[in-house]
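Chain naming follows the written order as A, B, C and D, and within any one chain the residues start at number 1.
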Amino acid sequence: MTIEIPQSFWLYFTFFVLLLVDGLWCMLATRNLVRILIGLEILMKSVTFFLIAAGYLSGRMALAQALVITVIVIEVVVVVVVAGIILGFYRKHDSLDVGNTRRMKG
Amino acid sequence: MIWFTLLLVVLVLAALWASMTTTLLRSTLGLALASALLSVVMFSMGATLAAVMELSVCAGLISVVLVSVASLTRPRSIQEELASRRSRLRRIWPLPLVLIAAGVALSFVHAPVDIVLHLPKGDGDVRTVLWSLRQLDLFGQILILLAGALGVLVLFRKEAKDDD
Amino acid sequence: MSDLLLLVPFVAVVLLYLLPKRARTAGLWIAFGILALETAAAFIDRFATIDFGLLAPLGKLLGFHLATDGLSELVILCTGLVGMAALLVARRTLEDENEKFLFANLVLVAVVGINGIAMVRDLFSLYVFVEVTAVATFILIAAGRGDHVFEGAWKYIFLSVVASVLMLTSLGFFLLSTGGITLDAARTGLAANAPLAWIAMALFLCGLFVKGAMVPFHGWLADAYTAAPAPVSVFMAGIVTKASGIFALMRIAQSTLGGATPGREILLVVGAVTIVVGAFLSLTQTNFKRMLAYSSISQMGYIVLALGGDLRLGILAAGLHFFNHAISKSQLFANAAAIEKQLGTLDMDEMGGLGARMPVTAGTSAVASLSIAGLPPLAGFWSKLLIVLALWNAKEYAFAAVAILASLVTLAYFLSLQRRVFFGKPLEKWAGAREASVGLLVPAVALALITIALGVGFPFALKILMGGGA
Amino acid sequence: MADRRAIATAARLYFVYATRIVDARAARSTGRGRELPFLRLRFPGDPAIIRRRAKGASLGRVGRRAVDGVWKEHERRNCASRGGVCPPGGGVPTGAVIILFSFDYIAHYENQNEYYTMAVVFLGAMMGLVFSSNLVYLYVFWEITGIASWRLIGFYRGKTDVLKADKAFLMTALGALVMLIGILAIHGLTGTFDLGAMKGTALPLGISALLLVGLLSKSATLPFQTWLPDAGVAPSPVTALLHAAVLVKIGVYVFARLFLSTFVFDEALRTIVASIAGASALVSAGAALVETDFKRIVAYSTVSQIGFIFLGLAMGNALGAAGALLYILMHGLAKAGLFLSAGIVEQNAGTKEITKLGGLMRSMPWTAVAFLLCAFSVMGIPPFGGFFSKYMVISAAVKADEMVFGAVFLAGALLTILYLFRLFTKVFLGEPHGVLAPEKSRLMVACVVLLAALSLVGGLAVGWPSELARVAISQMLGVAG
């Protein structure tokens, strides 16, 4: 690579932050459970990207890849479980509106 | 480098589209696109194996799951849809502006960072690392897949029972 | 042979599915047996180094980089005890056989996760096992029949993902700053005072604060505990939250922070704020389980606070409080299960005078309450005393005073709980209420006896602990 | 951490109390559901008593040996000097009489098992406290008495009863926790929890103040006195046990242990304590004058008398201290008599309001006489026991040249006479209101009479108790009294 390390670090970091903000905003702005799940996925993308970038910059790409592979597996399991929970919620309330969940207080 | 940066920009745009578009199906599509773009990014950075995983699992499998969730649930009525869309739009429209502002602000930062460099690049093959150094993580993967399988069993079966 | 602690429950889950359908009723007892073995393993001196003959090559083959020490044994012991209690409660409160079978399976998966957390020496593996435990717990909560299970599970998932993001980001920073993700690498980086390493550590701590429900990330816990089915809340309150959040913090404080000032100050402030906020929130609750949940938050604050004190004594005190709280809180949730089963409600405003109807439940819950409130001669007093001593020795006088005086609030809400539920005039409405069945009383009584025995015989226990490391 | 010797000692003490509780349980189970209360007389706490009575008793050989061992160990190690144990140990016979009284009094109510268990735990903890030579164990037993009194005060399950019990528990626990901070500070200062090892330490005023908060809250002295009158919702034997014989005296006793025999008792602290005690004595005596609830009057009287005990201790000379210890003993006997008389009146007449009572002299002659005798002792009329203790404290004030406090003390004594006479005339003399309730239970009356007689005998044969107090003081202060 031709660019020097600090500069490229900030490049990666910038896009990491952008994806992160995007995902968080997506999660917080919506009331639809599936869309929250999508926001959550965007968050995971950002983190995946950051891990790869960190491996790339520090020269531990193999390690970073190994980590990312595990993260991806965990991610897919979480998504499946959450999808199951969302479906259960839908069957109960006949809606995907997160507003229906805000009933517990205290 | 320019191309690489552009790729990243497109990646963020795809994610932005996924979070802003109106229907769930398009949103899912946007996510799949972002995932695919990310795998290209990873590929170009040399993380080939992880890129393949990302492409097949995230862009493929997760999209399938999301699409099936979206199709198993009934879309809302038009009135509901319109009402909720309006309120959502009110909350989501600042997002692009925020992203642009954050991007611009961050592009001015060039503070030095103290990164520890491991030269020569690459500490062996990823397969070696995964299979000989990170068995515990592999075990964790198997375990979490098992947990996921149990979860499918519990959460989806419960549903079938409720149908009766 | 610490690998066995991961492998045996894992293999058991797989084998349980090979059982013929009719034999599945035994699932609960098989899980119980495995947890009993686990409890016993915690007592075997240097269990990790024992060679099991034929099994020895297995360890080499697998190449897990595990390490056990006093702290791991503590968690393993708590997991065994709490898991057994949860299984006993499940036996009496879950309705059909299938639910019980799945509960046993998921508990075993979570137990593998917790054992992993107890023994790993690597931040990423820590994350993986935390996630395994969390996924098993999501499913356990969501599998319930209550009205609020989705909400409870959902909030937990939402904040868990935030925690994951924080931890993974932190791992990225660790890669950049130290090139490694083992605990040792992290310690080296922190000792060299690399700014990126400190950022990474702060992020990781934040992730664990979410997992451990420290204020201001405590929002999920009360909902999750309240929504979860009775045996799940016993298990969660007893060990899941503590292992995946608090124990990880203990591990990090012990092996990476090394008493460095910035880390200690974070722990002190977060711990103290959590103690106070949790205690006052608990004071205002009307739901039995919800009050216990906020009390859990507050008590976990004590453990974190202890980590900010004098290092050696602090870890010892935190470990003891970990144990005491695991025992007493899971016992209180078992009491809650008994009450819910008998009355069908957990609203404390509807209760009163139950002490006469359910004397065993009332008596054991009083023991656990007083122990958590830190009254001698029960076990909770000694751990709190050690926590305060650790703080005092580290010259954190103000924090020590906060810790001491907050136990008055603890006492206040537990007295209010006792008053509203067990004392007062017996209500007409519950004239028919009777003591819960023996199956539900066994765990409560056993755990209460542990509390009393540890409290009364504490000086001897301390001697063993001091000798045995930790 | 605490040294091993103390650990072993405390463990043995635990064992003693445990055997005693088990013993109580066994007694109950042999009764096949019936209460066999007389068996419980055996364990009002003092290992010495146990040892004497253990000959043919049910403790069994092993238990007896353990008890013997503990006692000898205490003798050898002199954890608390033997003399020093005696005056608070005087609470034990009083406690025995009170428990005897409660056999009849409690018999009509539920939760008797809890009552007896807690009473035993309470007395046991109190003896444990007396024997502790280590601040941590002191604190442990201190809080156990708190737990026991929580359940004892909350004996009735009505909402206000339980609330008042919680209030008492929380207030004493607050004091105890503040005291715990003080204990930690002492540990920080001296590096030990062992009272013997820290002998002669000069405490900074701040730490002393922390300790004092705990002591005052347990003794229900101003400004922490409010829980004590409220705790009058408890059954009368409980109030007698807590307010007269044991609980409130613990604070005073530990004060003596800490400030007289362990730490340096400096001038500033002495003035502070004396002022608080004086104010407490006068204010609560005033409150006793205007109250109309029988038990609240007696309770305020206790607060007031505790003030005098603190005054005596704060005078700083051996005479005052010996007087205070004697005061603990005498006041315990007489005040228990007053509370128990209140219990008889309350249970038979069905009210505690003195405006609704009157002329009970006719239907309750024995109770009335016993009440009057006990009241004489509390007032300090010769030749009752109370006179000597009061006399010693006053002369200690004179000797220490603290004329102001001497005057306060005299004023307080005058008020005591006033409010006790007022109480007596309102309840036992004058026109009867409604039916005159008779004394039903002979056992209860006998207990009160016994206490009154003991008060009188304590005064007539004052040489023996005052010798004890003198020995105790000379051991505690290390000087010839």
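As a convention for this text, contacts are C-beta pairs under 8 Å (C-beta built on N, C-alpha and C of every residue); 3 or more make two chains touch, one makes a residue touch a chain.
Here the structure is a predicted model, which means the values were calculated and not measured.
*Asks:* Taking every chain's C-alpha mean, which one sits closest to the mean of all protein C-alpha atoms?
*Replies:* C
*Asks:* Between chain A and chain C, tell me the centre distance in angstrom, where each centre is the average of that chain's C-alpha atoms.
*Replies:* Comparing mean C-alpha positions, chain C is 27 Å from chain A.
*Asks:* So, what's the distance in Å between the C-alpha centres of chain C and chain B?
*Replies:* One centre to the other, that is 32 Å.
*Asks:* Nearest whole angstrom, what separates the Cα centre of chain A from the Cα centre of chain D?
*Replies:* The separation of the two C-alpha centroids amounts to 66 Å.
*Asks:* Per the centroid of Cα atoms for each chain, what is the distance between chain B and chain D, given in Å?
*Replies:* Going by mean C-alpha positions, chain B sits 71 Å from chain D.
*Asks:* Any chance you could list the residues of chain A touching two or more other chains?
*Replies:* In chain A, the residues touching two or more other chains are 9, 53, 55, 57-60, 63-64, 67, 70, 74, 77, 81, 84-85, 88.
*Asks:* Two-or-more-chain contact residues of chain C, please, as numbers and ranges.
*Replies:* 124, 128, 131, 135, 138-139, 142, 176, 179
*Asks:* When you check chain D against every other chain, which residues touch at least two of them?
*Replies:* none
*Asks:* Looking at the whole structure, which two-chain pairs count as touching?
*Replies:* Per the contact definition above, the touching pairs are A-B, A-C, B-C, C-D.
*Asks:* What residues on chain D touch chain C, complex-wise?
*Replies:* Residues 1-2, 7-8, 10-11, 14, 18, 110, 136, 139-141, 143-144, 146-147, 150, 154, 157-159, 162-163, 166, 169-170, 173-174, 177-178, 180-181, 184-185, 187-188 of chain D touch chain C in their complex.
*Asks:* Show which residues of chain C lie in contact with chain B when the two form their complex.
*Replies:* Within the complex, chain C touches chain B at residues 6, 10, 13-14, 62-66, 102, 105-106, 109, 112-113, 116, 120, 122, 124-125, 128-129, 131-132, 135-136, 138-139, 142-143, 176-179, 194-196.
*Asks:* Going by the contact rule at the top, pick out the chain A residues touching chain C in the complex.
*Replies:* 9, 20, 27, 33, 36, 40, 43-44, 46-47, 50-51, 53-55, 57-60, 63-64, 67, 70-71, 74, 77-78, 81-82, 84-85, 88-89, 92, 98, 101-104, 106
*Asks:* Help me check something: in the complex, which residues belonging to chain C touch chain A?
*Replies:* Of all residues in chain C, those touching chain A are 124, 128, 131, 135, 138-139, 142, 148, 150-154, 157-158, 161, 164-165, 168-169, 171-173, 175-176, 179-181, 222-223, 226-227, 281, 284-285, 287, 290.
*Asks:* Give every residue of chain C touching chain D within the complex, in rising order.
*Replies:* Where chain C meets chain D, its residues are 353, 355-356, 370, 375-377, 381, 385, 388-389, 392-393, 400-401, 404-405, 407-408, 411-412, 415-416, 419, 423-426, 456-457, 459-460, 462.
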